[in-house]
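Heads up, the next two complexes both have subunit A, just with different partners, subunit B and then subunit C.
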Partner chain A sequence: MQQNPFLAILTRLGTFVLVMIVLSIMIFVLARVVPGDPARMALGPTATPEQVSALRTEMGLDLPLPVQYLSYMGRALHGDLGMSLLSQRPVTADLAQTVPATVELVLAAVIIMFAIAIPLGVMTAHFRDLWIDHVGRLVSLVGVTIPSFLFAISLQLIAARYFGDWPIIGRMDHGLGFTGGPTGLMLVDSLLAGRLDVFLSALQHLALPAIALSMAGIGQITRITRSAMLENRRKDHVLTLQSFGVPERVIIFRYLLKLSSIAPLTIMGLEFASLIGNAFVIEMVFSWGGFASYGLNAILQKDLNAVTAVVLVSGLFFIVANLIVDILISIIDPRMRRKEAR
Partner chain B sequence: MSDPLLKVEGLDVLFTAYGQTRQVLRDISFTVGAGERVALIGETGSGKSVTAKAILGTLPRNATVSAGRIEVEGRNVLDLPRSARDALKGQAFSLIMQDPLSSFNPVFKIGSHLDDVLRYADRRAGVRASTSERRARIAAVLRRVQLADPERVMNAYPSELSGGMRQRVLIGLALLHQPKLLIADEPGTALDVTTQDEILNLINTLVAEEGMALLMITHNLGVVRKVADRVVVMRHGDIVETGPCTQILHAPAHDYTKGLLDAVPPLYGARVQTQELSEKPAIVSANALYKEFGRGARRFQAVRDVTVTLREGEIFGLAGESGSGKTTVARMMMGLARPTTGTVTVEGTPNPGRPLAQIVYQNPGTSLNPKRTVKQSLSLPLKRAGLAGAARDARLAELMGLVRLPVSYLAKYPHELSGGQKQRVAIARALAADPKVLILDEPTAALDVSVQKTVIELLLQLRAELGLTYFMISHDLSLMRNFCSRLAIMLRGEIVEEGPTPQVFAAPQHPYTRALIAAIPVVTDAEERLKPAVTPEERQAFLVTTTD
Partner chain C sequence: MAQIKMALDGADKDLSAGYMMWYRFSRNPAAVIGTLIVLSAVICALLAPWITPRPQDVGAVVNFRARHLPPDAQHWFGTDKVGRDIFSRAIFGLRISLLLVIGVLGISVPIGTVLGLVAGYAGGWTERLITGLTNVMLAMPPLVMALAVSNLLQPTLMNAMIAITLLWWTWHARLIYAVSKSVASEDYIEAARIAGAGPLHILFREILPNCISVISVKTTLDAAFVILFGATLSFLGFGVKPPTPDLGSMVADGRQFMPDFWWEVLCPGAVILYVTLGFNLLGDGLRDMFDMEG
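Moving on, here comes the complex of A and B:
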């Protein structure tokens, strides 16, 4: 009973569009009903009432909400997200500058998360109730309970105290005179330009914020991996392989690991929301200049167009991350593939 | 022929859990000669699976062999180092696992399991073989177990094969290295009766052709008759009796074995009970029921044109294999599911404010909430019925009396009860709301045969005391022969045969009914001879070919 896989993908994309529309309506209405007049805030306390009302008309704030929304969406579909009141530039230009920085940070955090949490989860499961397990449990507990800004500040303090030269703010050393490249990701652009010195500097800058950002996820994913490994260990198929003499390491690292990676991957999709949320804080602490800190300023200043754009981009991040997770899981698990196609 | 192939001598095994040590095997001794077929039988907790694990060396970590020897061709394997023991796996003896679905890792292809088993066995034996060589050898083995398209099977994921095919692959896995001893742990128990029959035939053929010895672990005495020369009867970790198969089945020496044989519902012969037909009016009748699931190209007709009448006071049995639609029919008759077309008419009048029917599920282990005491589980329907305080307590005591359990058990949690006691609680819960009809969905499938007997007796007594009507769903035809007054057989969503039970068994009309009855493992040769004749073509035509 196989069905056209394209249809399955189309259905899924349709759901995403729907989610984006609902999200845009929510943020659009929310941003406009909270108290505070954006025009007044943009012009400052010295502006006359006439100036304020002129700006309100110019921004279209006098129109009914549905009309405002439709005209905003109409322009958004053509790639025009409006002007930022704060920077006095198109929001799209601001995003183009800031989004890659955040993407780089979040991706690095995700990589660190998996690189540490999965092996730790496997080890703690294998050496259950031995000292490694207790250490792993402590690491998880610390990761989950301590807020990420505390990690960020502690890492900065440690770096500043013991590794005097280690950079603790920004994305790279401006003395190197590197202005960026096509992707906006420092690590990639520097390699494309053949600048190893810039690459190393960017890596140094990235290390601390990425570690601070990944701590919460490491705690969770270690625990999930551990319990998935332990649960699957008890299954009959492990016994099958054992009773035919397949070595323990093959059973663990090949058969169990693949089966047990489904649960942490699923959690990863959800974890992404808190990852973006934490990025807002981490970026502030490390003066990262990503779109999270851009968004934070926009919210504080009630920069309507910027806030809406930032929320939509966050939503898009979340959706794309979950799409990738879904694809990965369906690659791993044939049962999911068949369910999709059905 | 000095040493037997396998010799177990004075084997004691201890389990330690939560600081307590329990002896699960006591002084187990038996032998399996080359080419001999031995069955290890016993009920839950008898230690038969632990014995197999001890032989294979796959006991869990908290188990210790405290005394005894396990000799394979004269060598005590318990003294061997781990690597030498691993080398025996698959070579000296192989295991056929019980549950063909959970025995494969769901995210790996069938071929990957087979290839890894072969690769590491080769490596231990010092053989170097390329992937394609191994693939060819695997394909040859799969053809041996009658899988016609080995390439397709190897490239399939476990969930893409039917239960029978998976069981065949498991047998193939055990044959990869021409073992001298095949250990089979309840093969086919999780499968339909016709498929199980095929699997047992296959094992028999292979054992004979390859000259292997067979150690069959089972709780089913009918299976024993089919596949064993000699029988070892186990109970609570002891061996109670050993002897040739015919002697154990026809003239057992030990009372336990006698009781076990007595509890098996007979298919034919003098011991068969016949339930009387009911002449009373209909209580629920279903007319031309159809049920479809899914839409468009995925539309699936689960039930087609089913018309049944449930008469007051009768025990109506609906038999069929997995996927035949019998549970769907029961759900529609009770108003739990709506038919796509067709009508269900309730003729009987339920007690005021109470539903007409209640259901007793197959597995009491999962149908009772493990975090609630018996009292809490039973109180819920009583609360709904508006009973409180002393009236409710009185009713609780009455219900416990009905299912022959002491009132003190009200305070217990499900895990403190045995399987049979749990099922009694489930019956009490169904009775709590004063139903007129009980739906019995394979009520004894999860129970041992001796426990099944007592539960069935209880159900018969309850029917007499309370004037209940039963609607039973099951695939166990020998049980239904003795328990049901009327029987309907379902095949692929349709009722192919219906009639008074004795008539269905004496003169089955539909070839599927004949195939189904013929596949039931029976205990005596006399019963075997009374089974209806089935041609091989007929048998093949009705093998269930579900793919999930």
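Moving on, here comes the complex of A and C:
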């Protein structure tokens, strides 16, 4: 048993480092054993065998796999992920350009998810078996049932039919002549530049993809919140509060909600991997041009350096999300600070 | 006298656990609807060549005079860009989806179950190794990994299946591990060990029966996930090769003709929704039947 909260966080960090190492080895080996020679692919079919073997030596493809891996990771830690065959630029530069768009989309989706799912979960638990409970169940069911691409396309169809000028692709109106700013987050950059028109346009563009991305999570989180609320409602200390005559409103919002937000947060962390996966689909449907679109292209074109980087960054997204979840939970629940790191 | 005996028999029957479960299941509208949906989908898929109006449209048939026809009595779901009947193709597409479910779950559920059982019972290094591996696998975005694996090899359905299977066992292992770990410390397991039962007997005859409800609910819900996952892969262009019909790629094909020929997207999409809805309702019904939490 570890009593020290910092030690617990450290253990957790250690696990994450281990996860990244295993993930990187897996994808690295996978990317190197595939049929096809990266040097040949980089030079094209017209290159002579001498040119290819020269490039192989230059790229270090002659060295044993472990040596290649170590040198790759050494360079990766210094921010060098190699060149992308597709864009002919360093992969890091491509990532710097595309990751913020995805971060913006995913953050917006997570905010929508919690803003809808937590209140819905609380209400469905409180008004158990009344109409609102059935609505909540229906939303959860649709959320886990509908393919995200179908939901995204349906949103586009509805927008095109009933809201004629609502933008259904891209991140902003290019007619506004806004080129972006320091953070890469369109909403933040436009405010920093004091361009309210750009901000509104960006917000409009963000709405549909963010809703589409949040749908699957809304269903699950509503469900988890509901069952956590119902379970905690039966706990002794809550019954004690009730018998002391504490109003139901206070019980729900001051005591139950806090206790019941741990389960949905944990699930959110675990489900983050599939959220990133869904971003690939949503970005494609809405031509979002983020990291996921970049990744999809890289995979389709067998751009090995980019594919490796995309998988690593996806893993990193997952890990960062779970770290944030861990910190949030230890703030919400003091008991967690004393428990052994899970 | 005979009447009393009959009444007693009836009471006995009412109290048996199996009967109670069946009672709960059959009185649950969602469970019954889910069962009917899944059954109808399976039957349609099995009998596809005989029940579809135009089974020949599954191949590379071209009939330009009938292209982009809206749904009507003859073509229930309309026709696609080369005039093929979407309804027939969608029913055949169901076969691919269900095949994917059988392939993925048929391999990953047994693997995940055995690893979970062993990790929960053995403890020590075995436990740490398996849970560690599970945690690492869970950190990988499944879709990204499936895309990467299937494309680095060859973007075929077979490779997509392998890729999904490689990741899927972890969820089962994790779940079964939790059950197995809590059961392993029960007294009767200790008793069985003292009585001389070997580890295989304890794992499969003592612990496994406790996991059956969890496994069946999880597997049913997973069937829906696998279908969604497979449809998403083929929507992104990593599915079976055309002209073989596949629900995900049919939606992707139809997307080029939005919003005018909406049925080319929404009809195959509705078929996916129908099957996943069925498996979800069935899974929820099973969960209620086993009286599980959450």
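By our rule, the second predicted complex is superposed on the first by the 304 of 342 C-alpha atoms of A that agree within 3 Å, B and C clash if a C-alpha of one lies under 4 Å from a C-alpha of the other, contacts with A are read in each partner's own complex, and residues count from 1 in each chain.
Everything below uses one rule, namely that a residue touches a chain if its C-beta (ideal position, glycine included) is under 8 Å from a C-beta of that chain, and two chains touch if they have at least 3 such contacts.
The shown structure was predicted, so the numbers you read here are calculated from the model rather than taken from an experiment.
Visitor: Looking at subunit A, which partner touches more of its residues: subunit C or subunit B?
Guide: C
Visitor: Applying the touch criterion given at the start, work out whether A:Asn278 contacts subunit B, subunit C, both or neither, answering first, second, both or neither.
Guide: second
Visitor: Identify the partner contact of A:Phe127: answer first if only subunit B is touched, second if only subunit C is, both if each is, neither if none is.
Guide: Neither partner.
Visitor: A:Phe318 in the overlay: touching subunit B, subunit C, both, or neither? Say first, second, both or neither.
Guide: second
Visitor: Which of the two partners, first being subunit B and second being subunit C, lies in contact with A:Phe244: first, second, both, or neither?
Guide: A:Phe244 contacts subunit B only, not subunit C.
Visitor: Once the structures are superposed on A, label A:Trp166 by its partner contacts, choosing first (subunit B), second (subunit C), both or neither.
Guide: Neither partner.
Visitor: Would you pull the subunit A residues touching subunit C in the complex into a rising list?
Guide: Touching subunit C: residues 15, 18-19, 22-23, 27, 30-31, 34, 141, 144-150, 153-154, 156-157, 160-161, 223-224, 227, 231, 270, 273-274, 276-278, 280-281, 284-285, 295-296, 299-300, 302, 307, 310-311, 314-315, 317-319 of subunit A.
Visitor: Which subunit C residues qualify as touching subunit A in the complex?
Guide: Subunit C residues touching subunit A: 132, 135-136, 138-145, 147-149, 151-153, 224, 228, 231-232, 235-237, 248, 251, 255, 258-259, 262, 265-266, 269, 272-273, 276-277, 280-281, 293-294.
Visitor: Considering the complex alone, what residue numbers of subunit B touch subunit A?
Guide: So the residues of subunit B in touch with subunit A come to 56, 58, 86-87, 89-90, 94-95, 97-99, 102-108, 113, 116-117, 120-121, 124, 157, 159-160, 170, 173, 176, 297-298.
Visitor: Residue numbers of subunit A touching subunit B in their complex, please.
Guide: 1, 3, 235-237, 239-247, 250, 254-255, 258-259, 262, 332-335, 338, 342
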